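So, here come the structures, one by one.
Next, two complexes with chain A in common: one pairs it with chain B, the other with chain C.
Then we have the complex of A and B:
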């Protein structure tokens, strides 16, 4: 067990926590505006594939990250079109969106690399640049909601779209922007996963990390700093799981396989009641309907 | 108890809470669980059919981009289902778990209880059922007893897995979408452990359970279709009856439309949430054991083939209606089976089928929104 609590595990934990942290930040912006984004997992996965293909083609992980950001933003745009403009059910659309993203990324991946053919490993970024990137994003989201009018406007739209509308703010536009920003950060998170700790793409590479991010947002009470702390905790469990899989221990390694999800479940239970849910979360806004 | 609990026909006569409707909803559920009006039937049939055709067109474009003639692919799919001798039988076999899980989802979604945990419930059901029928000392029991014990254990395990999400939601307010998903991942870990260690066949080199042939389901209609398909066929009218004629089904729809009416009648919406999750979980657990004893010889690591995820699509395309779920399940199974032979023939990516079905569901969601706008405009 002494190898478990080593610097290497902590480092791996940070590395694996970063993608989740970025996706959680995206979900915070998204949900503060009142749009519940259950497509987050799908957006992360799309960003991961985009980041991987572009990194493979250009040889630059930084361009790969940019690609993940852009792919994520465009999936966010599609999602906004459906739930904000067409006012489809946010829950159903989100689940459907993730199903489509899983199928589409698998399809594109299979088109590019035949089964059995080994997809190339791409150049990976080290930990510190990615930590710096994530910290910049955390600071930006914190600043947005604590210090800017735009952040207050987004929150107002999520709490009471009618009042925001009456004050002259464009609810639809703000929700569009928030959803695109959320998708962009989720896509960036996926690209970080592929261009950082993993260095390769496999089918469903995100393995539920987008859903974990959504749970963390509840746990964090829609605040960026606790969300990142939660993501680090998830990363640590993930790293411990990977480390212990090969070694023979008293406890079956499947326990560690399940651990990140058990911890997420516990986090969801512990904080759910005390959360500060945006009042209009999940409600489509129809002008003049209320 | 209260008036809602006294015995009265839940349907046919207009129930009193209905006057407090029309419910404030987004168009989607409105279109789905509306009582049968001509317009309702039209939109609930038209939207999925048009969506399916549109998805096939998109799929055709993708096939064409791949340099293959889409029409010959679709022809091969139809031939695979309708002219090959085993096409029907395989289709029914694949449809069985989809329909069993899909009906459970449909009941839950009618109550706006958005569980996506069918895969985990399916797996824990398969593990529990297999553990019971391969336990020491049950080998001498008659096959019927073994089958009933196995299926019963699977249903209980699935129901507990689903019910756990209900308890977490009712007591702690945990989001059901996320908790059922986490429980699916945990259920998969449980399967991995069970076949590697817990209920592993000590004489087998591979990680799998002892053979479950003693509890194998009888098959009919040729070699492949098993008793489980009959379960699915029987479940559909039962679920239909529950929705249209039983108080429980009425409460489910009340919870989906306007939880306030339940509370106003002093009937706890938490109980409906829990019961619907237990039932959906039990059905998914049943599906897991039915698949294990109907199709496979042992339970292995590869038991997770994603029926629990595909059934979400089946429930939504089937408009949360049991008959719709059956049709959608058969359609999806047919596409899968037909595509299997077409895929080999034309060397297409195996994930194309999931992509096409995924497009159906996006088009259904979109089509509903368009239909709702249309109605508003008039």
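Then we have the complex of A and C:
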């Protein structure tokens, strides 16, 4: 039990929380503008592969992170093209996007190495630079929505695109920008996973972290600071359950495995009662249609 | 604006459903205590081209082998063992043709593939994941003269549908001897995706092997809850390291990668799973390679003999079902006592005078 309440547990929780926190920040920017991004997991995964390949080629995990950011931004651009410009269903497009990204990253990854070859491990960053990076991102997103006109405009577009349009804001452009920025942060989250704690890439390396991030955003009421706190809470639950399994208890280990998800589930149910959901979330904007 | 209420509710429902699915998977998968196929989940890439290679001299009567797999062959582990096995039999001339298809998701798609190969006259047909169990039984009933086998690993045999054994615990015992011979002390950390007999058996065998040299050695087994989440697996291993583990043995690709990464970080020793993982870092002291060609050979021999009843295909270490490989440079790190004991136990397993105890429950 004494291993449960230790600095090591907290550090493990932070390492597990970092990629989820960044992806959640990305999802907040997307969703505050009214774009529901169920492609988040796919964007993380794309960023993870981009970060891995570039790190492998250049030997620099920082350049790898930058690559993850850029790959994430481009996937955000593709997504924006589909759901903002062509106004496809955001739910269907998002899920399809993730499925395609899983297949595409697996394919591209396998193309690079022949059977019998093990993909190399890449240079890794320590935990603290990544914590600093994440804190900078939280501060930036918080500042964006609390202190800038641009942030208010994004929120206005997510709440009432008709009014924003009537005031002369370009709804389509703002949603494009928000989707690209969100994708960039999701990609960065994936790259952090690969260039930070792991140093390697495998098929579906993000293993559902994007979905966790999406749930956290609801739990946090679309606010950056609670979302990041939630990501670390989720990480801490995971770190704790792994340690609980190591201690001899009569509790079946399946209960521990379910713990992080049960906490998320409870949080969602509780939060859903007083929701701060952007009013136009998931609605494509068609000028003059409302 | 009234219509905005609906998608919002739907969104909540969707997220809750997704979270519930994860919770259920985590809670329920462990119940499949017979799940012995640590294959990764299927990539939804469904259009993989069959990789058919013509045999150099097609033997007139030699059977044609088909293998399907839910993920990628190129994984340095589970998939690659089957891919290499199929190719080896073709090169030997034991079979006249082999077709191997990756990324076949269990379910309707797998049944279509199995049916298709049976119609084309492939026999035996191997479904290389535990998750194909239902599919081989369904299609097997339609083709009673074709032998099917899937990676059940618990003797799930009925009629023409068989199962193949995964006696990894035997190799794991030998790795445990080597691990204790390369460390000054510390405990054993075992991990698998879920708490299934194959994985728990590997951990207990490793621990028993280590105890031959250091009887006071303790250990722990953690179910990561996932076969692909390397980060979670690595954190599991690090938590075991905090509790004093220095020797790591993983079961399933993700859990093994995580254990190897953690062992690299803390300077412990780790073990490659089903394939040679020496390239993954300093810590990989030994690996075992699963010789699936020997397993497939049994099926092919049955088919060639006109057999239509499947069985539990099993090739233990004594019959060459696995090779235990010491990583390059590893021997210098292992004590002479451990190397001698390793050789002795290997010889005893091979001549049948020593049986590695199997403990499948934690």
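Following the convention adopted for this analysis, the second predicted complex is superposed on the first by the 271 of 290 C-alpha atoms of A that agree within 3 Å, B and C clash if a C-alpha of one lies under 4 Å from a C-alpha of the other, contacts with A are read in each partner's own complex, and residues count from 1 in each chain.
Just so we're on the same page, a contact is a pair of C-beta atoms (placed from the backbone, for glycine too) under 8 Å apart; a residue touches a chain by one contact, two chains touch by 3 or more.
Please read all numbers here as calculations on a predicted model, not as lab measurements.
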item	value
Simultaneous placement of chain C and chain B on chain A, clash or fit	clash
Touched partner set for A:281, first chain B, second chain C, both or neither	second
Chain B versus chain C as contact partner of A:91, first or second or both or neither	both
Residue contacts with chain A in the superposition, chain B compared against chain C	C
Contacts of A:151 with chain B and chain C, given as first, second, both or neither	neither
Touching partner for A:103 - first (chain B), second (chain C), both, neither	both
Touching partner for A:77 - first (chain B), second (chain C), both, neither	neither
First (chain B), second (chain C), both or neither touched by A:258	both
First, second, both or neither for A:6, with chain B first and chain C second	second
First, second, both or neither for A:221, with chain B first and chain C second	neither
Which of chain B and chain C A:204 touches, first, second, both or neither	second
Clash-bearing segment of chain B, relative to chain C, as chosen among 58-66, 130-138, 148-156 or 184-192	184-192
Intersection of chain A interface sets (partners chain B, chain C)	38, 91, 99, 102-103, 106-107, 110, 115, 208, 211, 214-215, 218, 252, 254-255, 257-258, 261-262, 264-265, 268-269, 272
Residues of chain C touching chain A in the complex	1, 3-4, 7-8, 10-12, 14-16, 18-20, 22-24, 26-31, 40-41, 43-45, 71-76, 80, 83, 195, 220, 222-226, 228-232, 234-236, 238-240, 242-243, 253-254, 257, 261, 277, 279-281
Residues on chain A engaged by chain B in the complex (per definition of touch)	38, 82, 86-89, 91-93, 95-97, 99-100, 102-104, 106-107, 110-111, 115, 208, 211, 214-215, 218, 252, 254-255, 257-258, 261-262, 264-265, 268-270, 272-273, 284
Of all residues in chain A, those that touch chain C in their complex	3, 6, 8-9, 12, 15-16, 19, 36, 38, 91, 99, 102-103, 106-107, 110, 113-116, 118, 121, 160, 193, 197-200, 202-205, 207-208, 211-212, 214-215, 218, 238-239, 242-243, 245-246, 252-255, 257-258, 261-262, 264-265, 268-269, 272, 275, 277, 279-283, 290
Footprint of chain A on chain B - complex, ascending	26-29, 62, 66, 114, 116, 168, 172-175, 177-179, 181-183, 185-186, 189-190, 192-193, 196-197, 309, 312-313, 316, 349-352, 354-355, 357-359, 361-362, 365-366, 368-370, 372-373
